[in-house]
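Here chain A shows up in two complexes: once beside chain B, once beside chain C.
== the complex of A and B ==
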């Protein structure tokens, strides 16, 4: 079977090369035959990749230790679902997953555009195929998942206990679906340049693809944060770790693009900027994969140092140089059709939104790569960590929060003083009132106060926009109650989907504020019957329990939890000792409510029989996850919108 | 003043502010990477929380008082060694022989580092140890 897998990857590589080459020839010569053949070759790449993935997954689930990859990442005592998930636990498998998802996007594109014979779309296919060349090349010649062992061991080396968590089943695939998806917007961008494409139809198409993978990437990032929160047991969810940053950066640039593309669609401006943003988003996605896999930086995700780093660097440098050259070569195509009329306008606010998003990305990039950069420039290896990012990124983020409330309600071209007053008077007053009310609750310091003001301000503008929309449709909405809001949103899904997303963003800001500023912490050794207090909670130790599981021994503390004298039931913070790695794993006990989380960690059982318990109260963390769900929901609303094309474009189809 | 100029000015202000934040951020929060030998041979102690020490947990040196909790161990790079005191729970992956990174305050008098932060590098090398050659 392994020979078949190896062969599948090799043939996929050849098909990808063929697809790229034959489409290039077809585009030059104008012949339809090569173009069709090139599309079919990408289908072949997809089928072969699926075949290779099936072969490797089967070997993983069957624990076939003749495969080096299987022996390295699984063991007999590993539950089957984690054996399957080991597909993305190591480098070779992760690359295969990358290629598989790339193929899924490629196949989706081929399918949706099967009747569009416009060579422009063939150029898109060509770019996708050329990226497939890179990944099939790596899998075929640099790090094959189908290496076989001369003398297979009786049992494998096992999966890192950190990865044996339900989060492992969903977080990496969803994150990768986001990362890899930016291949399609990138391919569109390159195709526009190659084919000298004018018009706005492609912008609408690319916006939808981008929105789709942007949704997955954002959701993946939040899932990662939640996983870290539940699994890593340090009481937090975001540590500005290089790999976290790596997933955040393409999301930030993607967000900038989703905003500025509206200006291009509406006003024919910022064309060069937009193409540059698409290219940058894609390159950052590749960079993220590279960072996760290369081990150049210290990180909780640091995997074995590997040989693929230089290949990725070469790919990133090569593809971005090519893209830059193309942008310069097609300068005339990217000429702006309009000029900015006024700074206080929708365009103006989106422009500054973009500047801030790019600045945020730049600061994050700089901070993440600082050890490498400083060593290269000054010879001294200097690193920056969370304090740096908090210092630099928080103010930029707050400026963006305020803009979130302003941009959507400013009118295009030029906002007059009366518009400003009508739109911003009430939200500003409301923001100030909420801020004043929050002061007695203990909000202090510039940034927390700005966060509270900004959140109230943005929420008020969103509510006012809904109210105004309902008002305008008063006659239709009459007597329909809550259904009127659904009607309103269905009418203009993009706009109201956007507002819902913004509301989710505000929830996340508030959640981050609450959990970072108001966190409480307590630690105490307890004897059976003893109790400790944290906030309004009381934790009483009832004893400890030992449990044997298939691959680990579990020690748990049994805690009676009560709040203000009312019992909330029992919690079981635990430590698992995994047999394979002989490494303990903290299993956090969480009591979650909308207002605050009680987060309990078992420090261990002491020699004198006491049990060490560490507890945190994390206020408003649930708002972060809920905000993520709201954003997801808003994106789905926006995605469900019909294609909106200018009339001349409709005729042309 | 025309709109383009205004936009340029506001953008420049933003870029300037961000540059200032970055530069001052690096200056005030940047951590110098150091090896144990470099730290031990320094004339005077480096700024508290201004450095990051890489090293290995020395064999037989770990003492953990879980009740406090307080973790003490010796950190070495093969040549020199320093004492490390960390008030906090022992990280899951912490063990003798593991690579660790600490930040904190160093006192020359007793060669002791009071760590404010302790990170254990994952034993990422589950991979490829002792599985032998590939089948040709």
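== the complex of A and C ==
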């Protein structure tokens, strides 16, 4: 079977090369036959990749240790679901997953656009195929998952304990669906430049594809934060780890694009900027894979390091150089059709929001890569971690929060003084009032105060926008209450979906504020019967328990948890010692409520017989997860909007 | 670029400089850290083993031992600077979560804010140039620019709203 898998990848590589070449020939010659053949070749790449994935998955689940990849990433004691998830635990499997998702996007594109005979769409297919050439090449010639062992071991090396978490089943595929999905906007952008194509239809199509993968990437990032919160056991959810940063960067640039693309749709402006953002988003998503796989930076995510870093670097440099050259070559095509009417306008605010998003990306990129740069220049090793990012990124993020409230309520073209007064007076006053009310609750320091003000300000603008919409529709819509809101949102899903997303962003800001500024921490060695207090909670040690799982030995502390004297039951923070890796892993015990999380960690059993317990109270952390769900919901609303390009083109002057 | 345009860009730049300058110093000590002096120190350090986590939240053996060391030194009367200096002497600057703002490392502190300011300056200049270009073009067009753009816009908006109402009905 392994030979079949290897052959499938090899043939997929040849098909991808053929698809790229034959479409290029078809576009040049104007012949329809080669274009059709190129599309069919991409279908073949997709089919062969699915076949290769099935073969490797079967070997993983069956623990066929004749496969080197299976022997390195699974073991007999590994539960079946984790054996399947090992597909994306290592270098070769991750690349195969990349290719599989790339093919899924390619197949979706071929299916949705099967009746479009415009060669422009063939150019998009050609770009997708050319990226498939790179990944099939890596899998066929650099790091094949189908390498065999001459003498297979009786048991495998097992899976990294960090990855033995249910979140592992969905976090990487969702994140990759976001990462890889940016291939389609990138392919559209390159196709526009190659085909010298003008018009705004393609930009509407790109917006929808971008929104789709942006949603997956954002949700994947949040799932990663949740995984870190539960699995890493340090009481937090975001540590500014290089790989976390790598996933954040394309999301930030993608967000900038989703805002600036509105200016291009409405006003035919910022065309060069938008294409540059598309290219940058795609390159950053490749850079994220490079960071995870190259091992140039220390990361909790460095599960699968190898020597493929230079290949990725070459791809990033090559593709970005080509894209830049094309942008410069087609400069005339990307000329703005309009000019700004006023600085104080929605376009103006979006432009400044783009500056901040790109600045935030640049700060993250610089901070992430600076240890390597500094060591190369000075020879000394340094760290650039959370203390740096909290100082540099937080102020930029807060400025963005304020702009989140300002942009949507400014008029297109020009915001008059009366519009400014009508839209900003109430939110500003509300922001100030809420901030003043928060001061006695313990909010102090510039950042927390700005966060409270910004959050109240943005929420007020969102509520006002909904209220205005409802008022405007009062005469024509019969519904009341919730139905009226549903009706309102259904009429303009993009707009109100955007507001829902903004509300989710505010919830995340408030959650981060609560869980960082008001976090409480206590750590204490306890003997059986001893208690420790944290906030209103009391933890009493009832003893320890030993439990043998299939692949690990579990030591748990048995804690009676009470709040204000009222029992909340027992919690079991644990340490798992995995047999294969002999790595101790923290298993957090969580008592979650909407208001706060009680987060308990077993530090270990000490030589003197005491048990080290570390506990945190993380207020409002549930708002972060809820905010993510709200953002997801808002994005789905915006995505469900039907293409209304013609109507918009008529409205836009 | 016209001189008034340059003036607007410079004003934007000055405002951005002021806005950017405040938070750098304001963030030196997160509010949550002030209550626990040990955490105020360990939240700025990185665990020196390969885990790479911020020391305050690290649960590996090295991290727990080092947190104990910081607490002991504080109890012995040493201050933050002395404890940090001793740790740097033992492990090197790699133990600091953020590099000291000196020498080549100044780049990582200055560049993000410089880039933000540059971005604002360029965006402001482009905006001003576009707005002035548009006004000039309108003035040169037959009939010239409307006497009061705000009022003209309000009139257009009223007309658009009336047409929308008709459409809905």
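As a working rule, the second predicted complex is superposed on the first by the 629 of 653 C-alpha atoms of A that agree within 3 Å, B and C clash if a C-alpha of one lies under 4 Å from a C-alpha of the other, contacts with A are read in each partner's own complex, and residues count from 1 in each chain.
Just so we're on the same page, a contact is a pair of C-beta atoms (placed from the backbone, for glycine too) under 8 Å apart; a residue touches a chain by one contact, two chains touch by 3 or more.
As the structure is a prediction and not an experimental result, all values here were calculated from the model.
Superposition note: with chain A as the common reference, chain B and chain C are in steric clash.
When the two complexes are overlaid on their common chain A, residue A:339 makes contact with chain B and with chain C alike. Touch criterion not met for A:117: it reaches neither chain B nor chain C.
In the superposed model, A:31 makes contact with neither chain B nor chain C. Legend: residue contacts after superposition of the two complexes on their common chain; A:380 is shown touching both chain B and chain C.
By the touch criterion defined above, A:436 reaches neither chain B nor chain C. Judged by the touch definition given at the top, the superposed model places A:519 against chain C, while chain B stays out of reach. By the touch criterion stated above, A:72 is placed in contact with chain B alone, chain C being left untouched. Looking at the shared chain after the overlay, A:363 reaches both chain B and chain C. In the superposition on chain A, A:392 makes contact with both chain B and chain C.
Residues 233, 298, 300, 339-343, 348, 351-352, 355-356, 359, 362-363, 366-367, 370, 380-385, 387-388, 391-392, 395-396, 586, 601, 603-604, 612, 614 of chain A contact both chain B in one complex and chain C in the other. Chain contact summary for the complex, chain B toward chain A: residues 3-4, 6-7, 10-11, 14-15, 17-18, 21-22, 24-26, 28-33, 52, 66-67, 69, 89-90, 92-93, 95, 101, 119, 121-129, 131-136.
Note for the complex: chain A touches chain C at residues 232-236, 239, 241, 298-300, 339-343, 348, 351-352, 354-356, 358-359, 362-363, 366-367, 370, 374, 377-378, 380-388, 390-392, 394-396, 398-399, 413-414, 416-418, 444-448, 475-476, 516-519, 521, 586, 601, 603-604, 612, 614. The touching residues of chain C, counted against chain A in their complex, run 8, 19-20, 22-24, 26-28, 30-32, 36, 39, 43-44, 46, 50-54, 57-59, 64, 92-99, 103-105, 107-109, 111-113, 115-116, 119-120, 123-124, 126-128, 130-131, 133-134, 137, 149-150, 153-154, 165, 168-169. Looking at the complex, you find that chain A touches chain B at residues 66, 68, 71-73, 90, 147-151, 153, 157-158, 160, 162, 233, 295, 298, 300, 302-304, 339-343, 348, 351-352, 355-356, 359, 362-363, 366-367, 370-371, 380-385, 387-388, 391-392, 395-396, 523, 525, 581, 583-586, 601, 603-604, 606, 608, 610, 612, 614.
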